[in-house]
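What follows is chain A paired twice: with chain B in the first complex and chain C in the second.
Right, the complex of A and B next:
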């Protein structure tokens, strides 16, 4: 603490950030909570309905549960690509002797591109007519049987809208995990190697435990980002065909701004926040306990 | 929020590259090394090729595009797509709007982030830990929670369809991470510096202006770089709060290219995408060190 600080100076410095954060984040959270107990279309009078929005969401609306499980599928694809791919890429990068800085930049490039550009890009990549990148590639390696219109096939639509989101942040997690791997002391690895440990043992016994705190952070980041994922599914398929790629986030958005059912949409947005908090607690519970 | 994962991190000097592998490993180029190099390059191709393809498509003529063959070099070269891209939509306006929103939000984030971090980290006060925790929770709050309330609030105060309607939530949701990065950095400035200035009679405002601010230039670059990417590419807030054509940012404007005439002019659309992607791409290629450094120090402890 500074000796010459005054209460006034603390207030002066604290006021602008608190105002901004309060207006943009805290107040809307409270408002959503309140709205979720009402039924309102934005025009007529608000009507207090108690828990009926939540009851409808959890017990009466089968679409909600479809979108919930779709969101979990989306999460699974994103986590596999981002954390699995990121960790593998980071480990491989750390074993290189040259070109690592250039590769890091190349890996990060998709993270710089807007989701709209990515949606356009993948619409063409998945396309059947004219033959897009993916179908062309399958044809070229003799897997013609797998060729399909990826986005309009109900079996593949969800995976097809999830993969671009996973793809675009692989570099982000690679860079973070790579920095963590570099901090592992080489002496310990060398000592283990001299004792006859193989590459896999070095990874599971030394490297991974060492980067566990960073791994927890990246898992939390990737999970919460995937649970709020919206742009790419919304732009690529708008939830379709049917509800094959509808996520809670896109369903909530449509409920709010197409059906203008503000109360029910707020209940869903509260659910998304709770989902994130539960996910973070679970991650901390599981990954921390193993650390002890 | 976890105290373990988001504990304060003194931002250490940039990490040096690892020393080259020991000679023993270098002498025999075994299968593992070859294989790992191949995989590393394959990942690079997967990450970069779609973007290369984007640029290649933007210079193909329509026949070449329609005839398929998504691979290989274009058999034609034309800048006509770019002419049509500028003719179909108001690309200049979209780019200008994106610049205004990004600059406005960046200024708010940097000013508020620095002031908040200074109050919490340097000045200190009774409930500073609680306030810090309150801000940190914002890192995991999904933006969807703010859409409906802000839409209603904006209608009431007549802010719907304005620049601030995008700038306020973009800045608000980026503030926690910025504040976290600034506090990490401020914790790294030695206390003696402040104490010496205090002994010379400098008050909190003067210390902020003369010591903290000038020392933070690098952190400002990092914070601006990391946030600009998210703000420049924002789709959800702009899509929700902006209706009029002359306020559209790039992600909204690009949507006009789809199916405007019943049929999408893909090569012109790709040309438009290239035009809008290039500014940020160039900035990233020049300043990627600052960004990568911010990402690493944000998630790694020291």
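Right, the complex of A and C next:
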């Protein structure tokens, strides 16, 4: 603890990161907000259009809503894999006595592979002509009927682009949740066992409530990352076929840099910011209320 | 207090709006027609923002020429900033244009965005520039026409010339018992026969989207000539017009006949080429920029001897001739009016004079008529035949639609084409979607 800590010294140390945050995060958000009230192609004069970009986005552009629901689907797959898979893997790791470190490294490996390599890898895995790993495996176990071009089928493309993103960060959330599980006092679990509690009851009544703060943090992280997901879907399908795997983020990017409609793209970016804030509020509301 | 804070916020936002607005627009330093500015040549570093392969013949040739120029002009340097991936390049180019920070030279197609830059006087008039350098008449007509805007004005200089052919595997055709299609309408039957023979009929890079869009352009080019797309982009023609419907129904028929690989929309450029060069696919529609990969002794011997090519087939009552097809001169180079000065002119004069011979020596087709392509030592006889075809090209050009349509309609078209060919949407659904998209977006770009 600092012996002569004052408000001024705290402010001096906090100011640089706050300024950096303001310049790197808040300023672009405000810029996007301002730009969303204009029509601008980047090279001709900007025209003030009021709320017309928002009106078009919410009431006149069916593609936007398609991408919104796709984003929710993408979010669902990512959260299931990252949080569900991460919690399951962390629980299994916690029950292991040998080989934990090796498994942790293996789980974390996808998180350090470059996005481009992951996209390339999954393109091969999903391929139909020539037969990729997934279709090859399905054929080998007699499930030929399920073989399909996963990235080109409008029914499977969204799930196919979501899975690599989910898989990629399972290891990260596994390690975070595993560390939280290690902090659960063994004596409480032992006492519960002596009182006749089964594994499920120990998990739901002791372990999970204990790791709830970490769970809230990981849920917020995974949700906001998924709502901003862009690279893997863009590289794997570029939003296609049709709009089957188009997310708000990829649609926004194309609106800005292909259609050069920076005003409308800014309206979408403002929507993404609001969407993230709403999602975080809901998570805090639901999980904290349960904790009470 | 609250009111004061609100006022500050409002003032801040307005100030920001003006700051952002300040980024747009901006005129040039020289008039687009002032191609021979007076003044001293003062060597410095100039940059070329380009979208070409880093190890390609254009960059290699221009680097060599720039080094030569630098020997006589100490202090001169040509900095090449290349982004071969076209969507990434366009993002960079448009962002720099928005910030009014484009370098001395930059690549662009004759797109609606480039048209706006030209209208703002931000690119030098290439006709006047080439005429003043005494080089205008040395260029192939088709190479210059490809770079022109609809009104005939020219703001981009071509650095290559290409012909797009249908490369095919004769052995597969023989096995399937078919001949080269005489008409575009023969394609579905060709695909059915090849499928029956156990071969993927057509290798297609679906990931990059433009290759499938080429197929959309073929039928209208044959039935109505180049006028259809010129009218279509202005919403003066529609997909529901006879020429458009011919294309829509033909593409749907290609999909039903299984012309493309299952899952083609996720197949990349290299994979599509590999499908053909490995003998898994029978037909591959690509330009002469791939000659070094398709007409070479390095190719798998089992496939090498079987490869041949045919040009875009005509149709009954075709408005365009058999020797008229897609013959692009690639992305063009624009000269920034803002930074144009005696040095840029002098360097361009030096470079464009030396370029044709040096470029043709690498085995490529020069955009000019004054340089003979050197046939590489490891080329198959096909190479020479393909090069010779350049001199037989007719006067009408089949323009790639991705450089013609407004970007929003183009993006939607590329999306919907995949669905149409895959059978996910019917021809009538495709038509109504595309006509609605066109009606909504074309007027924003073509008034």
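The working rule: the second predicted complex is superposed on the first by the 269 of 292 C-alpha atoms of A that agree within 3 Å, B and C clash if a C-alpha of one lies under 4 Å from a C-alpha of the other, contacts with A are read in each partner's own complex, and residues count from 1 in each chain.
Going forward, contacts are C-beta pairs under 8 Å (C-beta built on N, C-alpha and C of every residue); 3 or more make two chains touch, one makes a residue touch a chain.
Remember, predicted model here, so these are calculated numbers, not experimental data.
Enquirer: Touch test for A:171: chain B only (first), chain C only (second), both, or neither?
Expert: first
Enquirer: With both complexes superposed on chain A, which partner does A:59 reach: first (chain B), second (chain C), both or neither?
Expert: Neither partner.
Enquirer: Just to be sure I read the superposition right, which of the two partners does A:228 touch: chain B = first, chain C = second, or both, or neither?
Expert: Only chain B; A:228 stays clear of chain C.
Enquirer: For A:146, select first, second, both or neither according to whether it touches chain B, chain C, the two together, or no partner.
Expert: neither
Enquirer: Compare chain B and chain C by how many residues of chain A each one touches, and report the one with more.
Expert: Higher number of touched chain A residues: B.
Enquirer: Is A:97 in contact with chain B, with chain C, with both, or with neither (first, second, both, neither)?
Expert: It touches chain B, and chain C stays clear.
Enquirer: I'd like to know which partner A:114 touches here: chain B for first, chain C for second, both or neither.
Expert: first
Enquirer: With both complexes overlaid on chain A, does A:284 touch chain B (first), chain C (second), both or neither?
Expert: first
Enquirer: Return first, second, both or neither, reflecting whether A:258 touches chain B, chain C, both chains, or no partner chain.
Expert: Touch partner of A:258: chain C, not chain B.
Enquirer: Of the two partner chains, chain B (first) and chain C (second), which one does A:32 touch, if any: first, second, both, or neither?
Expert: Only chain B; A:32 stays clear of chain C.
Enquirer: Counting contacts the way the document defines them, which residues of chain A are shared by the two interfaces, the one with chain B and the one with chain C?
Expert: Overlap of chain B and chain C footprints on chain A: residues 31, 35, 42, 130, 257, 262.
Enquirer: Which residues of chain B touch chain A once you look at their complex with the stated criterion?
Expert: Those residues of chain B that touch chain A are 1-2, 4-6, 15, 17-22, 26, 32-33, 36-37, 39-40, 43-44, 46-48, 50-51, 53-54, 57, 65-71, 108, 111-113, 115-116, 118-120, 122-125, 131, 134-135, 138, 140-153, 168-169, 171-173, 175-176, 179, 194-195, 198, 201-205, 207-208, 229, 232-233, 235-236, 240, 250-251, 254-255, 258, 266, 269-270, 273, 276-277, 280-281, 284-285, 288, 291-292, 295-296, 298-301.
Enquirer: Given the complex with chain B, which residues does chain A contribute to the contact?
Expert: These residues of chain A touch chain B: 1-7, 9-10, 12-14, 16-18, 20-21, 23-29, 31-32, 35, 42, 85, 88-89, 92-97, 100-101, 103-117, 120-121, 124-125, 130-133, 136, 140, 167, 170-172, 175-176, 179-180, 182-183, 186, 190, 199, 213-214, 216-218, 220-221, 224, 227-228, 230-231, 235, 249, 252-253, 256-257, 262, 265-266, 269-270, 272-273, 276-277, 280, 284, 288.
Enquirer: Which positions of chain C touch chain A when the two form their complex?
Expert: Touching chain A: residues 13, 16-17, 20-21, 24-25, 87, 90-91, 94-95, 97-98, 113, 116-117, 120, 200, 206-207, 209, 261-268, 275, 280, 406-408, 410-411, 415-416, 418-419, 422, 424-425, 441 of chain C.
Enquirer: In the complex, go through chain A and note every residue touching chain C.
Expert: 30-31, 33-35, 38, 40-46, 123, 126-130, 148-154, 236-243, 254-255, 257-262
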